[in-house]
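Next up: the structures, one after another.
Two complexes follow with subunit A in common, the first pairing it with subunit B and the second with subunit C.
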Partner chain A sequence: MRVINAIIAIATGVLILGGYFFPQLAGVQTLLLNWAIILAGVATLVGIFNLISVHTDKIRRGEKGSTYSALLVIGLAATLIFGMLLRPQHDAMQIVLNGIIVPTEAALMGVLTVSLLYAAIRLLRRRADMMSIIFLVTAAILFLGSATLPFGDIPLIGTLIRPWVSQILALGGARGILIGVALGTMTTGLRVLFGMDRPYGGQ
Partner chain B sequence: MIFSPDLITGVISFLFTILIFSYLIGDNPLFRIAVYIFVGVSAGYVAAIAFWQVIVPRLVYPLAFGSIYEKAFAAIPLLGGVFIFMKISPRLAGMARLTMAFLVGAGAAVILAGAVIGTLIPQVEATINFFDLNAAAARNISVVEAAGNGSIILAGTVFSLIYFHFGARPKADGSMHRFGLIELAAWVGRIFIGITLGAIFAGVYAAALTALIERIASLINFFNLFGNF
Partner chain C sequence: MTALILIVLAAFLLLAVMLGNRKSSARLRDIPALLHLYRMLGLSVEDGTRLHISLGHGSLLDARGGSALAGLATLRIIAERTSVSDMPAVASSGDPVLGLLTQDTLQAGYQAAGVDELYVPTAGRITGLSPFGFAAGAMNISQNENVSTNIMLGHFGPEAALLADASDRQSVTMIGASDNLSGQAVLFANTQDALIGEELFAAGAYLGAGASHVASLTVQDILRWLIILALLGGAAAKFFGVI
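Let's turn to the complex of A and B:
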């Protein structure tokens, strides 16, 4: 069974990857990607059922915080049932989206303003080394340089230093990080395609 | 008073914004209530989207109304989906491995191609393009400026990459140290990474600040709305 799993993973990966380079395999690639999208959708549903199961267990055992779990399950079940019956485009579902999901995300992002400021102050108090100073000075320059002020850009910072820091210095580092991430991703993908890593439980 | 969808949305939105902002005075039950409901509702919404926008058009529709070939091709992911659902039961979870192997293989191929075609090649090309002096001249940028900026970006890219090189040889006293030249390049790379992370921090902070201003504006609008009633 382990060998079959590995063969399925490798064959699927090679065929999909081949589709990017050989036009003859484009049809097979599209078919396999379509199957993968369907299965990812089913996996999402399974993940959500698992979330329900974990929280219903917490409620049944009367663990600490089970009241919050009950709210989560009620919210999930109500949205899921209405979403399945009415479809996500229905007015009731749009109220859920624009009344709960979007404002909560935006408010959490807003709270991040205070958390980030607090984290920056803590960083300077706890570890005032060269890296922390470079990090915070860069952030301050970019922030001051892009601020909209009544008299326009701050001379030198807004017109010269900020564009140079963000478009030259920061770009160099960002490119290094991005290439590093891409190389790491490539290695991980190749290890799976060569059967060296089997996260699906092959070994 | 007529309860229009906009009014209901506004009231719920106001309530959840206040509950989330209560976190500013510390972690409290009101904040947790909002967050748990948010997680539940978001999960339910994602499930509905996955069902109506993925499973129905790509699986249910071909199985119900498709040609014989479409039905045959849709039967395979249907079987795979049944296997994935077996993950819910600990006794049958092993059956899901076949489908998980398929998903892992497909995911590995997609991320591999994405990393090469979407990141590696474009980033390397963009770094090279900074040395295209003809293009720089066309944009009225002097040769010295173009070459200087290109060199700084190239140096930043190379030194940042070197920073993530952790290969080291043990010394006679048992301590591990990188080769001297690598250590020096990594030190310069750290400065570039510090500047980059500072720039990212500024960007995230600006986005968070925008979201905060938008929420405060929505609260003010809500108060004004009720002031008019």
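Let's turn to the complex of A and C:
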């Protein structure tokens, strides 16, 4: 069975990759990607059952944080049932979305801002090396250079240093990192295509 | 056409380097974060704490899948090494397809360790489908499940800071790498030993995932030098007016 899994996975990967370079394979590529999208939809359902299973298990055992698990399961069940009965476009469902989900995510974004500021302050205590100093100085220059101030741009920093740092140094560094990530992605993909890594179908 | 040539060249190099390296063991440079991870694998089993591996919310249907696959390869090794522990590793993800593969990979690790019966499907979890939902669910694991180390390998955006902050509050060691620039900047500021760029893809080789992982590091190095030469050559050609 494992060999069949590998053959299916490798053949699918080769056909999809081939579709990018050979127009004759484009039709097969589209078909396979459409199947993948349908399977991803089914996987979402499996994922929801996994989420329910993990949290009901926690509630049953009375583990630490099980109150939150209960809230999650109740919230999920209520949203699912009312969403199916009323449809997502219904006013009540829009109130749930705009009154609970969006503000919660916005609040997390607010917490994130504080967390990032705190991390920046603690960076030198955590790791006092040249890279950390460069990181902090670069961040400070970019913040100062792009800040909206009543008297306009800070001379030199806003007009010369910030554009130079962001367009030359930071952009060059970002491209270097992305090239490294792209090479890593390519070799990882090739390992899967060759069947050296098989993150599917058991061992 | 250039992309196809690059892929064929990389494939050829990968096979050639792997076959060439079969008899000799490769020397890898020290990456403090990965050495730390290797040490934490043994320590967690000894002190009865759990490792939490978070694979991010990268979909396997787009370009972010590469980092997720690299995370899965690392998870496979960790699952095999920690499966016999009282507190086996827990893995979380924010994408349903990745979640299924997480469970499959964990099971494969248990099978390889010969303790298939100890595997529980809830060890691989999908904690949320949006980036913040995923982060909130993963924070819950790190706060409530006796976790000693959070390992984040995959696609993370700025929401990684929430997980890092939760780890910090619980004095949980954190090792993280992301293929996303914002996520990488956040993890750089939040972790003791940062992993930058392609180091995310080196974790498997450092944990002993096999010759193919070491060979892919060599191939990355060769291709990187070729790209550097091409960039310098292109710049020189432009400077002298050749192109």
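Assume the second predicted complex is superposed on the first by the 201 of 203 C-alpha atoms of A that agree within 3 Å, B and C clash if a C-alpha of one lies under 4 Å from a C-alpha of the other, contacts with A are read in each partner's own complex, and residues count from 1 in each chain.
Rule of thumb we're sticking to: a residue touches a chain if its C-beta (ideal position, glycine included) is under 8 Å from a C-beta of that chain, and two chains touch if they have at least 3 such contacts.
Everything numeric here is computed off the predicted structure, so don't read it as measured data.
*Asks:* Mind working out whether A:Asn50 is in touch with subunit B, subunit C, both or neither, as first, second, both or neither?
*Replies:* Both partners.
*Asks:* Would you check which partner chain A:Leu123 touches, where first means subunit B only, second means subunit C only, and both and neither mean what they say?
*Replies:* Only subunit C; A:Leu123 stays clear of subunit B.
*Asks:* In the superposed model, does subunit B or subunit C contact more residues of subunit A?
*Replies:* B
*Asks:* Regarding the shared-chain residue A:Met186, is it in contact with subunit B (first), subunit C (second), both, or neither?
*Replies:* both
*Asks:* Of the partners subunit B and subunit C, which touch A:Lys64 in the superposed model: first, second, both, neither?
*Replies:* second
*Asks:* Check the residue A:Ala174 against both partner chains and state whether it touches subunit B (first), subunit C (second), both, or neither.
*Replies:* In the superposed model, A:Ala174 contacts both subunit B and subunit C.
*Asks:* Name the contact category of A:Leu142: first (subunit B only), second (subunit C only), both, or neither.
*Replies:* Touch status of A:Leu142: first partner only.
*Asks:* Who does A:Ile74 touch here: subunit B (first), subunit C (second), both, or neither?
*Replies:* first
*Asks:* Shared contact residues on subunit A for subunit B and subunit C?
*Replies:* In the superposed arrangement, which is not itself an observed complex, subunit A uses residues 17, 20, 33, 36-37, 39-40, 43-46, 48, 50-51, 53, 65, 68, 104, 108-109, 111-112, 116, 120, 135, 174, 176-181, 183, 185-186, 188-190, 192-193, 199-202 for both subunit B and subunit C.
*Asks:* Name, in rising order, each residue of subunit B that touches subunit A in their complex.
*Replies:* Touch residues, subunit B against subunit A: 5, 8-13, 16-17, 20-21, 23-24, 32-55, 58-59, 73, 76-77, 80-81, 84-85, 87-88, 94, 97-117, 119-120, 123-124, 126-127, 149, 152-161, 163-164, 189-209, 211-212, 214-216, 218.
*Asks:* Tell me, which parts of subunit C touch subunit A in their complex?
*Replies:* Touching subunit A from subunit C are residues 1, 3-4, 6-7, 10-11, 14-15, 18, 59, 61, 63, 65-67, 69-70, 72-73, 76, 96-97, 99-101, 103-105, 107-108, 111-112, 121-122, 124-127, 129-130, 132-133, 135-137, 140, 143-144, 158-159, 161-162, 164-165, 179, 181, 184-186, 188-190, 192-194, 196-198, 200-201, 210, 212-213, 216, 219-220, 223-224, 227.
*Asks:* Give every residue of subunit A touching subunit C within the complex, in rising order.
*Replies:* Counting only subunit A, the residues touching subunit C are 17, 20-21, 33, 36-37, 39-40, 43-48, 50-51, 53-54, 57, 63-65, 68, 104-105, 108-109, 111-112, 115-116, 118-120, 123, 126-127, 135, 174, 176-181, 183-194, 196-197, 199-203.
*Asks:* Please give the residue numbers of subunit A that touch subunit B in the complex, ascending.
*Replies:* 1, 4-6, 8-17, 20, 31-46, 48-51, 53, 65, 68-69, 71-80, 82-84, 87-88, 91, 93-104, 106-114, 116-117, 120, 130-131, 134-139, 142-143, 146, 165-166, 168-183, 185-186, 188-190, 192-193, 198-202
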